[in-house]
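All remarks here apply to the structure that follows.
Naming follows writing order (A, B and C), and every chain is counted from residue 1.
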């Protein structure tokens, strides 16, 4: 018994399990104490949402196949990672309307820890000259249900993976298929995401991807800090200029705080890998992202330290681009070209740091990538990065 | 055994009962002959709609948690209260699109006896300068599913209540929670509604509420009449001016009849309570609304005596405002301000009159409130009440 | 035992069968080898879609009550009729947004073999002067779930029918009810559709209907041909002019091929019946449509011989009009007027030809209708038929 596979559902084959629980006896010895639970929520705005909960040692994550394979919530040793959104989610796409003329319908369902923005577009809403919506905020992929979901467990490597296939298709227009794999490993406080986006058309196309990864208390708090090997930081707009001197530090919750957004380019190591860290004030808790700059060359830092009731949260957002309107990003070449049948792959590794040593180690690794280079901090929005 | 409570579902706790039937043995002696039945409809436009049916003596009401705790249908002794909409409802919100660019999507699901309009806005559609929808007709709340639903029965007081919690939330925007309680009491032909709307944000906000309570045959018919202690009545538009001399009387069904709408201010008693009555031609059937003018200071009378096929119906609509576009009402102060965490409460009592005496009594009570004051009947739309 | 009837669901009566299988023992001897299977799909974009599969001899069809009684897929002896859409359907309407401001939301769910366009409108999107959507592409009916579905089997005539009732209703606006009957008969490789559209309002109205019947491989291929008794053919636009000399022949798949659309008037026989045929290159496979010109006077041929990945497909589309914007068709009288309570009936018969003889016979029948008249081939779009 090594790798095993369970199909939760496959829309083509007509199989669907309303509920599945896999424990130690199914998973094997190396996965002792692990558990995989699939269930479908009923009632309210979550009615019909499939949730796949994986417990792997201390780490528990809840995947949302119904919401584009996003990750709703996660915990380490019972302590929540992620944030507390005022949105009572997970919200089923049937209650959403991304085509809301304002382009802001996406905000009705925004409560995930990790939500993908894309695939045709991933940024701010864009309208045509008559004010008609062309690209809604953050794109469609987070509100498309997975067509197929599988769980894999390997009792030798101690890895558990959930694989989901999500389609973003409109006849005569886009034909994008995302195959997403989220992997946990016994003994690690970490999580790997690999997303493969295929152009299923015989005509070349373009795509965008942005990982909107959101953190609130207890990790986020006054004195918490964003740390990364920054080559350049640009305030998105006048509001971000206001907070520029403290752009990498977090303040306490403030009712009515208007979001501040910073666009970043990070330095990479010789293999173009890079790291970004969010750590708490005491420097003994943190989460780091390992990013491949060839896949995700741009980084957005979203600071929304509003009241807890309204969502005290920061977003770490590696992407193929900045979340500006689609045409602006396209005109600056920040899109991924996909030839017919071609696939773009995106890898992310998230690691959770639970003591001062671990935080210190990742800070050192960031320092090593940075070397002697100081970041260029632009004091104004830049025309090639920002819609001014 | 006094008050008992059953949770039909609670989205947070993950509980949901597809079907529940509570009869005499559960409810106790004081509720003899009463029954509570919860079921989920399947197929067609109603697929997935939860219905809570309460029988309390002669009175039967069907609550629709899936449609914002509206009341779909009701009967007294088998005779329908409410109206016959051409809409084949109850329509599940998943088949609705309130964001329809016309702003009229709400009409696709309009068939309730009592439907709430609100909470961010409750009136006619409003668009920005480019014609982009800002506020859809009658707002969102009637198409939001309840997150939690409980049934309470008190065998001592003989009261049965259904309590539902409905959220109207958009991240960065509104964060309103309505807790709705509908109560029936054994031995009474009456129904109480109490809605508490809480601003869950740390930032002050505004809200609107309007109860769109709709009646058709057999109560409504030629010669039926609306009776209330009216201080002032204003025709909404030229079409309403046409019917002004008979504004409080009803005509027979007329194919193609275009709706006539009258805006009213009612007089209150010393406690600012007031009454409004709809009674039939024979004056031996009626329904009265008891309204607290401090909560619901304005009243709209909607006359739509079109053919029976198209919906022969009148709406009695107490509200925090008139159902004009949101900005117009805001500019005239007809909104409810809600400080952070503050709650606005709305109470309504509906009583059913089944004989001439009972009708006569409520007419007398209305007359007592009115006293010697004659209504001011404006012969044209007024600039502070109407969009002219 | 002659005619029998099973109700799959009836929203009014509250009955719904999640799954029903009727075999030989239920259907009787004349229907030996026939089977009716109802099931509800789960997971992905098809979650909640009801499918009624009918096997009648060699012919298998899958009806989609949830998608307006469309026909999703069909096979003869295991060989697919229809086409391979890139859309991973059947898509449940809850994942659709026809009110998408672009008017193109319909394309998100387009994968049926036979899909009805209508009923208030059936053509290209139309907008008001401010660019606000008035009529979305191809109308609403294909994304409205049937309110009631019945299956009938007659062991004497050997006929199996599925009857579904679909409503297209908006309060104060349209009140159209379509009762659709699809019939198969043992021993015939054919299928009959009868749709009755009733105006349920007391006010006169107008409607449109277009049958979008789509074919791909193996029937469609290089050298395949459209054959009909054509009175007049008009290219819709400059793109169609480009392909005018080969308008009735099909080329091989071509990546990026832009659709070409031809508007046709067909000749009828003395009873105003007519025939249209699609046949393969070898002239030994074909499908013919029998159309009543009094019901469906206009015909659209849609050629979309793009790559197989993007949908290599042609649409044969008899209709009450051409699929131009609603107002344009209305101004040219190509709508069906419906008095109060009046019903318009549409009949279609589709026959499958499986050898050269059968193809030859239908070609001869077409030739007989055509007689000596040659088609008028317009070399440019015509102002009364095309939006130029």
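Keep in mind that, in the parts below, a residue touches a chain if its C-beta (ideal position, glycine included) is under 8 Å from a C-beta of that chain, and two chains touch if they have at least 3 such contacts.
It should be emphasised that the depicted structure is a prediction, and the values quoted were computed from it without experimental measurement.
Asks: Taking only the C-alpha atoms, how many degrees of rotation bring chain B onto chain C, rounded to the nearest 5?
Replies: To bring chain B onto chain C, one rotates by 120 degrees.
Asks: Over half of the interface residue numbers used by both chain A and chain B, so same, or under half, so different?
Replies: Both copies touch with mostly different residues.
Asks: Chain A to chain B: how many Å between their CA centres?
Replies: Averaging C-alpha atoms per chain gives centres 42 Å apart.
Asks: Residue numbers in chain C touching 2 or more other chains?
Replies: 48, 94, 97, 99, 101, 130-133
Asks: Which part of chain A faces chain C closely enough to touch in the complex?
Replies: Its residues touching chain C are 8-11, 14, 16, 18, 48, 50, 93-94, 97-99, 101, 128, 130-134, 144-149, 167, 169-173, 175, 200-203, 340-341.
Asks: Enumerate the contact residues on chain C facing chain A in the complex.
Replies: That would be residues 39, 41-48, 85-88, 94-95, 97, 99-102, 104-105, 107-108, 110-111, 127, 130-133, 255-256, 259, 306-311 of chain C.
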